[in-house]
Each structure stands twice: as C-alpha cells, then as structure tokens.
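What follows is a pair of complexes built around subunit A, which joins subunit B in one and subunit C in the other.
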Partner chain A sequence: MKAKKWLMLCVLAFVAFFLLTPLWLLISGSLMGGAEAAQNFAPVLENAEGSAIWPILPKYPTGQPLVQLLLDSPEFFAMFWNSCAQVFPLVAGQILIGAPAAWAFARYDFKFKKALFLLYIILMLMPFQVTMVSSYLVLDSMKLMDTVWAIILPGAASTFPVFIMTRFFAAIPASLTEAAALDGAGPFRVFLRVGLPMGAPGILSAVILGFFEYWNALEVPLTFLKDPKNWPLSLYLPSISADNLGISLMASVVMLAPALLIFLFGQKYLEQGICAAGLKD
Partner chain B sequence: MNQSISIKNAHKWYPGGVHAVNDMSMEIAEGEFVVFVGPSGCGKTTLLRMIAGLEEIHGGTVSMGGRVLNDVPPKDRDIAMVFQNYALYPTMKVYDNIAFPLKMRKANKDEIDTAVRDVARKLDLGPLLERRPGALSGGQRQRVALARAMVRKPKLFLMDEPLSNLDAKLRVQMRREIVNLQRELGVTTIYVTHDQTEAMTMGHRIAVMHEGVLQQIDSPGAVYDRPANSFTARFIGSPPMNVWPIDEGFSCYGIEPPEGAKYAGIRPEYVEIAGEGDPGAIPMRVRGVERMGRETLVFLAGEGLPELAMAVGSDCALQPGEGVHVRLRAQAVRYMAG
Partner chain C sequence: MKIQHSAFSIINCALAALALTLWCASAFGAQRQSEALQSVAARWSSGGVSPAQLESQMGVFREDGTAGVPEMTLWEEVVSQKLQHGDEASLSCDVTRIYGHGEDVLSFTMLQGGWPARGSTGFCALSDTAAFGLFGSVNAMGHTLTWNDRNYIVQGIFKSDNALMLVQAAPESEAKMPNMQLRFANGGSRQQAEEFLARTSFSSGAILLDMPLIAWGLEALAALPALLLGAWILVRLIARGWQKRKYPRLLLADLPLLLPLSIAAICLSLRNLSLPAALIPGAWSDFSFWEALPKGWGAHLTAWLRHPTGGDIALLFAALGVFALISFAMLCGVLALSRVKIHNPMHVLIACAGCIAWMFMMALFYRGLRLGPAMWLLPGLWVVTDFALHAWGKEGRKLKLLLSQRRANGSPYESCANGADGQTAQNRHWRNPRRALHRNAETHTPKQSLTPWLFLAPSLLFVTVMVLVPFGDAVRRSFFSAMSKQFVGFKNYIAVFQNEAFKLAAKNTAKFALVCIPLLLLFSLLLALLLNASKDSRGIFKTSFLVPIAIPVASMVLLWRVVFHENGLLNAALGWVNLPSVDWLNSASAFGVLVFTYLWKNVGYDMVLWLSGLGGINPALYESAQMDGANAWKRFWRITLPGLTPTLFTITVLSLLNSFKVFREAYLIAGSYPNDSIYMLQHLFNNWFVSLDVDKMCAGAVLMALVVCGLILLLQKAWGKERA
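Then we have the complex of A and B:
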C-alpha cells in the first residue's frame, strides 16, 4: 500500500514538474536583464551560433523589466485597462443575462423549452470561426465594429454560462423554492433569495470560466477591433519585439497574475463548473 | 377570518392519465387537526400540495373560510408548510430562516426580532439562532422548520411527513410536541403521514385514502373500531383487522352476516382462545407466533378457512404447529359493503 502511494507520488511529481517548468522559466526569465537575455537567446532570436540557454535562475537577477514595464510602457497600461474594460463588463453581462435565462430553463416548464435548450447547446458547441462572419456582419451593420461593445455584447449573450448555471439551478431541491413561495415570496424574490444564493457556486464557476476565456482571447479582439489602441493585453504580448524579451516575459507574468489569483480563489467552484458542464479539461 | 377548509369534488390528473386525486370532498373545521393517511401513491401528498397551491387543481374547489383558493398563488394563501426534508435555506442562519416569512411580508425589524426570539424560545432554539442548518441535527432542523411555519401565525399549517426522517425515539417526542403546539395555537392543521401510530395519536380526525379516493374520514377511534370498508379495515391497525369476503364461508363461524355485506372483519384482540366443546369454538392450527413483549400475535389457519390473526397476552405458551380452538366475539365482528 505504502509503495503504491510512493509510486503515485512520484508519477504526480513528474507530471507536476513538466507542468510547472514553463511557469518557472517564465518567472525566472522575467527577472533577466536585457543584455543577459540577448546573450542567452541569441541563437534563436538572431541566428547566432550554438544553442539557446534558459537558466533556472538568471545570473544577474534584476527588476529592470518590471520597472521598465510599469514606468516606461504606457501602451501596456492602456491595454491592461482595455482588457479590464472589456472583460469585467462582459462577465457581468453574462451573469445578468445568463442567470435569469438559466433559472427559467432549470425551474420553469414552457413551450419549446427542450428545443430552445438544444439550440443553446448547438450554439455553445460552435467554434468562434463558424460564427465569425455572421457576427462581423451584424456588428458592422450596428456600427459597433472597433468599439468595446463589439467584444462585450456578443460575449455577454454567450450560451455557455447559461448551460453551466442551468445545471446548478436544476440541482436546487424543489421543496426550497416551494417553501419560499409559501413563505410569501413571488417568483422574482424566489430567484433572488433562494436561487441566486443556492446557485452561487454555479454563478462563480461561470464567472471564472468566462473570465479565463475572454482575458486570454486573441481571435475575437483581433477580428472585431481594428484600431490597436482598443486592443486588450492579450494582443500586447505578441506585439513586443524580440529585443524587449525581458519586458515581454514580465508582461506575461503580470497578465497571468489576475487569472492566477482568480483561479486560486475560485478553484473549488471552477472544478464544480467543469464537472457540471461535463467537460474533461 | 374563519380558518375552516372545504374541499369539494377535487380532481388531479398527472401526465399519462394517472388520476392522483379522484373526486375528493371533505370539510375541515377551524382549529381542527386532520391527518391524511394512506399507502404510498394514495394521493395524500398531492391533495396537501393542491391545498398549498403547489399543484394545479384540475377539478372541483378548495376553499378556506369560504374563499375559493383554486387560482390564488401560494404566497397569498397565508398557509405555512413543513416539508419532509425540512426545506431550510442552507445559505441562511437559523435566525434568518425563521425570519424569512416575515421579511417577505415586509414586517419591520423590531417586529421580526421579537417574533423570531419568541418562537425560538418556545421551541428551545435560542442557542442555535446563529448557526446554519448544515450544523444542526435532524431534530433541531425539524424544530427550525416548525418555527419558520409558526412565526407568522398562518391560517393553516400543512405538514408533509415531517417526522419521517427522525429516529424512533425523537419521533415520539416530536409527535407530542407538534400535538401540544397545535392545541396551544389552535391553528387548523393538516398532517400527511403513512405512519399509523402518528395517524392514530395526533389528529382529531383521520382521512384514509387509497388510489386517490377518500375511503373514510372520522375520529381515530371510529376509524379503528368501525372501518367503512375492507381497505380501511386492513390498513388501520397493527396487526390489521382480520377481513374475509363473505362468500368464503364466513357463516361457518356461527354468525350470520346482514343483507348486502360483502366483507366481515374482526380485530385480532377480539379473537379468543376457547375450550374444545365451547359454543362457537373453531378448531385451528398455529402457523406462527410473534412475541411483541406486551402481547403475543398468533397466526392461525384452519381447514378451508382464511388465515386469522389473534392477539393474546404475553404469557401465551402456544407454539407453531399446535392445535387450538378459538372463538370470535360476536359483537366485535364488523360488516362492510365494499
């Protein structure tokens, strides 16, 4: 039994090592000075002789990339703000629109409910590339192209959070909503006072999954935002040139931070959400 | 306002043509405690939910104090219900659970606080007010559910098998508490159970149901002693009444059934051991003996006769396989037309 436990531990440690290595290299690289980075990666970036070296720890750790990023890269802040201005309202919109829709699917019987839910699932399964052209045409005709609304509105009406929250709302025992109704609550207050608190894990997992999806989005902003001044942070990273490698790695770390914090805070809900959605990973 | 309940020719169908409640009619007086009892699927919970407004009424009417409730939403019926699984709001503390019905009615804060602490004192919930339902035992949760139902002084209490999740000892205790509270508050109460002891001990009247049809509604004593039909006779009482169709040669016991009677029955306690030559003595054989402590149940079979249960004292020495003569107390035999 003990040997089995050790074996399992070794396997997991091995897997964890491979998963954590890129993160570690990212952090160590972000503390590398410009000259050191240029020297280490010259064979890759400048076709120099030999092979590139990525040290476990930088020879001369420095905060210079961080200082440069925070004090000398106004475009970074503009894009960070763009990301926040697009992702936070989008996720809020997903919940505002999605939670009542999910409640209706989970708790009410109405005509064509099954067909409508099937349509939601089909829309959920469609990749962005399939709906891209139609979305483009609709946004263009509404004169929303190149504005934050081109990102927020389609995202807020996404069907995926509805799907997740429906599963959670459906799991609330009927006797609780019935008790609330008998206690004097109308349909809206039953949703507000029983549905929302009881479905909070589902709402949180929808928030977290939504945040991850749109915080890291590349195709959507690239398609609907032509003016680089509207671009989110996810488009900043590919735009940094090779000579600013230290800054690029530091920007990656800074961009990773909110997602990492949200993940650590909401890991439990995220797992529940993934289970509810029946997704593998 | 009068708290009497009137159910007239109520019907309920479920998808697939299941007739869950079939032409049910009854009158429940103000302050009365009525127990709906019957086997699973007899329609007792469905009828309770129809009264609560949680199930649509497909025919007939349900009225309270003369006001027809059919189209009144649950929140406006002023009815409190205790659910089988308690239905406490897990995200709220005990205090907020109890206060919820008052908050929904927009009572002011002081009023709510007084009412909650008052009812909590009555049900010994004082020290638990700051806990969440998840941190309470089954009995405590049951008390909170009762407190939530009582706090706003509703016109009608509905209880759907509220004790079925408790252990035997706690059930006896809570049974007594619910009866005492009901008598003290005087609120009309309808209680659903499939437990005969609860039915016999708690209510002023029992409504026995079977396959959506009301079989009998009467006082516990009357239902036990004078069952309206063979179903009630077999359902109420443990062990149940001995019931035979008349055409199975019941007259051999020396008793002539009246005209129109289809079934005859006798409670096991009225079957007595007799001497071999006694008038009306029937020769039988012991098939099984169950010693219950206070009494002994003896199951008898005779040639060409249906099985008979007999309840005798704990000192009975009969053994399976033994022959015995028994006699039926003639005035205790009941006849039923259906």
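Then we have the complex of A and C:
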C-alpha cells in the first residue's frame, strides 16, 4: 500500500515538474542578461553551429535587464499601459453588464428564460472566428476600428461571465433574499445588499477567468488593431524577441507577473469558476 | 511546537537588510574597480618610453613574429592645465596624454562618442564636468577647444566629477611618458610583464604593479560574505551530523538532504574564487617562489606609492572603502545569522522572497550591478538550511523514539496515514447547485415579471447590438456579393467549399480536435484520479497543474522557439540518445508540437473539472462495494466511470472551445502561414480578414456557427438524456 502511494506521488511529482519547468526556465532566463542570452540562443536565432542552451541557472545572473526595462524602455510601458487600458475596463464592463443579467437568470422565473439562457450558452461557446466578421461590421460602421473600444465593446458583450455568475447567484440560499424582501427591500436593494456580497466569489471567479483570457488575448487585437502603437503586450512581446534578448526575456516575466500573482491569490476562485462552467444544468 | 517569532524581529530584519545592502554596495564598488584593472601597469620613476620608441619596438616584434606581445598603452598625467574655448571661456583641467587605448587608462563610463583612437592627435575626450565648465553644456560633441596652442575636437564625453581631458600623442613624438599599461590576452601577471619588458629595448628599472591581481583581490574581498555564509551552513550541517553519529541509520536518512545542501553551499560560495596564475607556483616546494612573492610585491608597491598619480589614490580609497563595507557587512551578517531561527515553512518562503526582492532593489539602485548567484541564492539557502535542520530535529527525535521502542519490544512501527479531507464547504456546496437553483426559482412568484427584464436589459442590449444583429447581417451578406451587392444564392458557400485552403484548414482543425480532445480527457482524468487518491498532498499538485493557465502565450514564445527549433533543446536531448534531429516547427511534426502545447495548457483546467465530477460521486457507494468485495478495478468500472459520464459531456464541450484558442500558440510561434500540418481554420479566417474577403468570411462564419451549434445541441441532447 505504501509503495503504491509513493509511486503515485512520484508520478504526480513528475508531471508537476514537467508542467512547471517552462515557468522556471522563463524566470531564470530573465536573469540571464542580453549577452549571455545571445550566446546561448545563437544556434536558434542566427542558425549558428551547435545547439541552443537554456541553463537551469544563468551563469552570470544580472538585474540589468530589469533596470533597463523599467527605466530605459518607454515603449514597453506604453504597451503595458495598452494592455491594462484594454483588459481592466473590459473585465469591469463584463461584470457591470453581466452581474444584473446573471441575477435575473438565477433568481427569477420569466417567459423565454430557458431559451434565452440556451442562447447565452451557445454564444459563450462560439469561437471568436464566428463573431469576428460581425463584430468587424459593427465596429467599422461605428468608426471604432483601431481604438481601445474595438477590444472593450465586443469583449464586454461576452456571455461567459453571465453564465459563471448565474451559477454562484443561484447558490445563495433563498431564505436570505426572502428575509431582505420581508424587511421591505426592493428587488434592486436585494441585489445590491444581498446578491452582490453573497455572490462575490462568483464575481471574483468571472474576473479572474476574464483576466487570464484577455491578458492573453491575441486574436481580437490582431484583427481589430492595425496600428502597432495600440497593441497590447501580448502582441508586442514576440516582435522584440529577436534583437534585444535580455529585455525581451525580462519583459516576458514582467508580463507574466500580474497573471501569476492573480493566480496565486485567486486560485480558489479560479477553481470554483472552472467547476461552475463545467457543471451540467 | 510553538513557532518562534524571533526570526522576524525588527532587529534581525534590519541587520540582515543592512548586511545585504553593504554587501551589494561593496560588490558594486569592487566590480567597478576591477573592470578598470585589466592590464598590468608599469611605471618608470625617471625617463620612460616615447611613442616613437614603442612604434619601432613593435616593428621589430612584427618582423620577428614574436608571440605573446601585449597591447601597450603609454600615458602621462599633466595636472592643472588651462583649456581655452575661443576667447570667452577657459578652464583649469587635468590632462591625460596617452598613446594607445583610452579605456586602459581611464576607467570612466562613456556618455557619448568614444575614446580617440591611437594616434588621432587632433581629437580629445572630455569629462562631463569639464565639458559643462567649458561649453556650458554636456552636449559638447564636435566642439573645438585649445590647449597648449593646439586645437582639439571633442570626440567623446565621459562621466567624472573632476575636470579631465584625454588626448592622444602623435606616433612620431619623442617625448617620454612614464606610465605604460600592458594588456595580455589572458589577463597577464607581473612575472609575465617582467619577462616581456626584459626582451624589449625600453629602459630597465620599471616598477610593475599587478593590476589584474588587485582586481581579483577586490572581487575576492566582495565574495567573502558568500564564503562566510557557505562555511556557516557547512559547519551547522556537520555539527548536526556529529550529534547523530551514534545513530548511523538516522544519518543515512539525512543524507539526501545533507548532500545537496552542502554541495550547493560549497559551489555557490567558491564559484568566483579561482586563484590567479600569479599566486600558483610551479611546484609547491618551490620555496624561492614563496619567498619572492611577498618581497617582490612589497618592493614594487612601496616604490609605486612613492610616485602616485590621481588614479592610484582613487583606487586606494576605493579598495579601502570596499574593505570597510565588507567588514561591516560581515559583522551585521554574523549578528543576524546567530540570531536567526526559522521554524515555519511560510517564514522560509517570506524570507527567501524578501532576500531576492531586496537584491533586485539593490540592482535598481546600483545600475549595472551584476548579482552573482552566490548573492541571491546563498541567503535563501541559509534560511532553508535553518528550517531543514529544525524539521530534521523534530523528525529525528520521533524516529529515535521509535527506534528505541522497537529495540525494546521488537514490534514494527506502523505508519498512520492521515486522510484529511481537503474539500472546503464551498466546494461541497457546489456539488449540487441545481437543487439550489430550482428551490430559489420556485420561491419567486411570476407577478414580478418586469423586474428580471430590467436586470437583463443592459446585457441583452449589448448582446443584440454587438453580436446578434451583426451576425444576422453577416448571414444576409453571405448570400450576396460584396462587390455588386447582388443576390448570389449559395455561390459564396460553394466558393468556400471549393477553396483548397478551406479544405486543408477544416481537415486540420477536425483532426486536431479528434486527436487532442481524447488525449486531453484521458490524461487529465488520470491526473484527477491520482490526485483524488492522494488527498494529503493535493493542494500543491493542483496548484502546479493549474499554473499553465496563468502563463501568457506571449511570454512562452521565445522558450518554445528555443525548445523546438532545429538546433533547439529538444533536438539536443534527442541527440543524447542518438535519435535523428527533427525540424519541429517546419515539418509535419508541428502538429505534434501544437498538441503538446494544448495538453500543457489545458490539463489543469480539465483536471479541476474531473475532480469536481469525482467529488459528486457518493462515497457510500464505494463503501458498500468494498464490503461486497469488489476490487479497485471493479469499483472504478462500475462506480467511478458511470458517475463521471455526466461530467464527460461538459468537459468535451469546454475542451473543444479551448482547442480553438490554440491558434494563439500556433500564430505566435509560426506566423500567419505555418506548416501545412497546422494550418487551421483560424489562420484561414485571419488571412481572409487581412485581404478583406468579406464574402468568404461571412459564409465561413455561418458554416462554422452551424457546425458548433450542431455539436452543442447534440451534446445538450446527451446531457438531457443523462439527466432523465
């Protein structure tokens, strides 16, 4: 029995190690510095002889790329700001629009509820390529192409957060809302005072899932943003890979950092969010 | 056991921070100085060498084909000279006349331009202070100044707080300069320089100073705290081993921890400390060498200090500064070390993270500071060792007790597995939300029929305006020609179907989904089962399986390229086991790379879904099955799998949805037109979009929507059947 347990642990540890190795390589690589990175990757980037090396620990770790990135590369900040200016309003908009809708789906019975919810599920599962052309038609007619709104508006119309939050709102015990209603609170007051605080884990789950999705976004900015100065980090990063290795490696880590922090603090909500999406109705 | 908070007392933190700061400062100073000390210095107390002499000597060497000739730079310092800019401004300035490489003589950072090259007599380099004093601006490149009735054009600006100028002497000049820097290919030593100068025709009696040795000394000084930390770790490890010498079995159990820790400590602290050649004799019994070593040094050093230049005094002060800083750093370090006791894993993490964060702050503060691995890993290693020793102590006491009991009554000791349930109340609640949904819905009466619509209004408005209406427009357009706006029926659809790229992309996308989704489902189910079975260490594994979700694709691109390139890491690994190398990204293997990426990214997501499915199975079923004598396999086939079928459908749909997102990886790694094997519908749509092929895009979108809708409805039917 004991041997079996150890075997299981070993298998799990091996898989975990395998999945975590890229993260480690990324972080240690960011300390490499431009010269060392250029030397290590020369076979890949310049087709030099031999094979590339990615050391487990850099030979000459240096804080120089970080300093350079934070103090000497204004374009990085511009792109970082672009990313923030696109992702945060987008997620906020999703919650602002989605939370009341989710409340309606979770707590009320009305005509067409089932059909409407099914429509929302179908829209949630549609890949971006399906809605690409229609979003483009709208944005083009509104003259919003190549602006931040081209990212925010279609994103805020996403039905995925509505679906997630519906699950959580539905799990609030009915006695609470009933008690509030008996005390004379109107439906909006009940939503604000009972629904939002009690459904906070659901909102957080939607925020976290949304953040990962849009921080990582590629398809939407790639199609709707033509001007490179509006690009988010996710599009800009690969373009600096070749010439300025030290900075590019460090920039990868700086881009990763917010996502990783949010992951570490919100893992519970992330799991709940995934589960909520997976439960059959 | 009570947690000791003394480790985080304010005094300790302050001491440790002070020690680290001083260490960084001294390392920075040592690094700056040693960068400038790369050549052996020679000085003649009277006379010297003139550029013309040097040139003729070089000519002789060239003709003889002598090997091992160093780069030679001649220089002299002329203090308090008057520089003139036109008629209006003048400045008192120290001038360094050189013949050779400027960076060998002056160790300042260049702000603009560069040092004037050997023999370019009309040019000079100015310090920023001098440039500001003379021209009123640091941007003085190309300006002209006068010194000794000669004009010089400013070719470089360097950073220094003193007014300094550097000019090149003419090659044919006969004026002797008293200083020379000899830069050998391998750094060089005094002995080497002595032997070399004996072969030249230069006047003898040069005082030689082994600058590379001084640089080594400074760096070694800065590395002392690492040595101290490493030694301290080793001493503690050995002391603990000594305590356990009566229990060899315990010692054996400690070895797996002890070995890596001590090896790491040794490697890290000794990493930069290779002895320079000047300090290694031909034979250890070569007594004359040992005798000559301090004597030669002493004689040259005293002679040197009798004729100091400005640079020497600065160097002396810098060395003394490094020494003082290091001493204080060591003192603070020792005090902090002797007080630290870390007995809590959380504190270990905080302390390690704190050390590393502090180091990086220092790197920001001292721009250009190289953080050696010893600096950023050793403090963490120290903290880990401290914790490990404490943890062993506890385990060791337990084991000792068990061993003595066993010896006393001969009974084997039992391990008690502790099956703590990691599920939170929240999770349990989630297992059955459907019931909650229904119960809540029933309590509301239909008379509030307007309220839900009010709640829904913003979302509905957005969805209608942004998605539904334009999609309707897209459907309409798919039957019209974009150019002539005429109704063309199904012509657009036929064009799409006849498109070779579409056929390829559709085939690839379908193939990808068919290969990936079963693989992912199987793999994540296995992980979920394993994780479910080992409840006590669940959290950490779950975290590590989920991390890939958080890693942005763009961050991974470079790593992925390095791994999968033809000269990349994967092929290097294949080379070790003698397998042929593959060009992963530009051949059919690109499909495999994409599958791997998809699995890497999504296995955690699906695993969480499976776990929630597993959590929904009634444990009573297992108990009764076990009582009936069903073995593990039977229980899996009869209870677990049927219990998971409802989950299976949702997971399939979500995996399908996520499989569309693999385009990000494919696009970033391989661009708009990747290898045929991974040319997906997403690439096709993107390329249609670039060429604004609205007809095809509309028809394609409608087709894709129909297919996805069909799949979802099919699965929805299946869900419904399961529910009944």
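We adopt the following convention: the second predicted complex is superposed on the first by the 276 of 281 C-alpha atoms of A that agree within 3 Å, B and C clash if a C-alpha of one lies under 4 Å from a C-alpha of the other, contacts with A are read in each partner's own complex, and residues count from 1 in each chain.
Here is the rule we use: contacts are C-beta pairs under 8 Å (C-beta built on N, C-alpha and C of every residue); 3 or more make two chains touch, one makes a residue touch a chain.
Since the structure is predicted, the reported quantities are computational estimates derived from the model, not experimental observations.
Asker: Under the superposition described at the top, does placing subunit B and subunit C together on subunit A give a clash or a fit?
Answerer: fit
Asker: Examine A:101 and indicate which partner it touches, taking first as subunit B and second as subunit C; both and neither are also allowed.
Answerer: second
Asker: First (subunit B), second (subunit C), both or neither: which does A:194 touch?
Answerer: first
Asker: What is the contact status of A:54 with respect to subunit B (first) and subunit C (second): first, second, both, or neither?
Answerer: In the superposition, A:54 contacts subunit C only.
Asker: Examine A:237 and indicate which partner it touches, taking first as subunit B and second as subunit C; both and neither are also allowed.
Answerer: A:237 contacts subunit C only, not subunit B.
Asker: Of the partners subunit B and subunit C, which touch A:204 in the superposed model: first, second, both, neither?
Answerer: So A:204 meets neither subunit B nor subunit C here.
Asker: Could you tell me if A:178 is touching subunit B, subunit C, both of them or neither one (first, second, both, neither)?
Answerer: both
Asker: So after the superposition, what angle do subunit B and subunit C open up at subunit A's Cα centre, nearest 10 degrees?
Answerer: After fitting both complexes on chain A, the angle is 130 degrees.
Asker: Mind working out whether A:247 is in touch with subunit B, subunit C, both or neither, as first, second, both or neither?
Answerer: Neither subunit B nor subunit C is touched by A:247.
Asker: Between subunit B and subunit C, which one contacts more residues of subunit A in the superposed model?
Answerer: Counting contacted residues of subunit A, the larger count belongs to C.
Asker: Kindly classify A:225 by the partners it touches after superposition: subunit B alone (first), subunit C alone (second), both, or neither?
Answerer: After superposition on chain A, A:225 lies in contact with neither partner.
Asker: Between subunit B and subunit C, what minimal C-alpha to C-alpha distance in angstrom results from the superposition?
Answerer: 6
Asker: Considering each complex separately, which residues of subunit A are in contact with subunit B in the first and with subunit C in the second?
Answerer: On subunit A, the overlap between the subunit B and subunit C contacts is residues 173, 178.
Asker: Which residues of subunit B touch subunit A once you look at their complex with the stated criterion?
Answerer: 52-54, 73-75, 77, 79-81, 83-85, 87, 89-92, 100-101, 104-105, 148, 152
Asker: Using the touch definition up top, name the residues of subunit C that touch subunit A in the complex.
Answerer: 359-360, 362-364, 367-373, 376-377, 415, 417, 424, 426-427, 429-430, 433-434, 436-437, 439-441, 443-444, 446, 448-449, 451-453, 455-456, 458-460, 462-463, 465-467, 469-471, 473-474, 527, 530-531, 533-534, 537, 540-559, 561-563, 565, 567-569, 571-572, 575, 600, 603-605, 608-609, 612-613, 646-647, 649-651, 653-654, 656-657, 660, 663-664, 667-668, 681-682, 685-686, 689, 694, 697-698, 700-701, 704-705, 708-709, 712, 716, 719, 722-723
Asker: Please output the residues of subunit A touching subunit C within their complex, sorted ascending.
Answerer: Per the stated touch rule, the residues are 2, 5, 8-9, 11-13, 15-16, 19-20, 22-23, 25-26, 29, 31, 41, 43-44, 47-48, 50-54, 57-58, 60-64, 66-67, 70-71, 96-98, 100-101, 103-111, 113, 116, 118, 120-123, 125-138, 153-154, 156-157, 159, 162, 167, 170-174, 177-178, 187, 191, 201, 212, 215-216, 218-219, 222-223, 233-235, 237-238, 241, 248-249, 252-253, 255-256, 259-260, 262-263, 267-268, 270-272, 274-281.
Asker: In the complex of these two chains, what residues of subunit A are touching subunit B?
Answerer: It comes out as residues 173, 175-176, 178-186, 189, 193-194, 197-198, 200.
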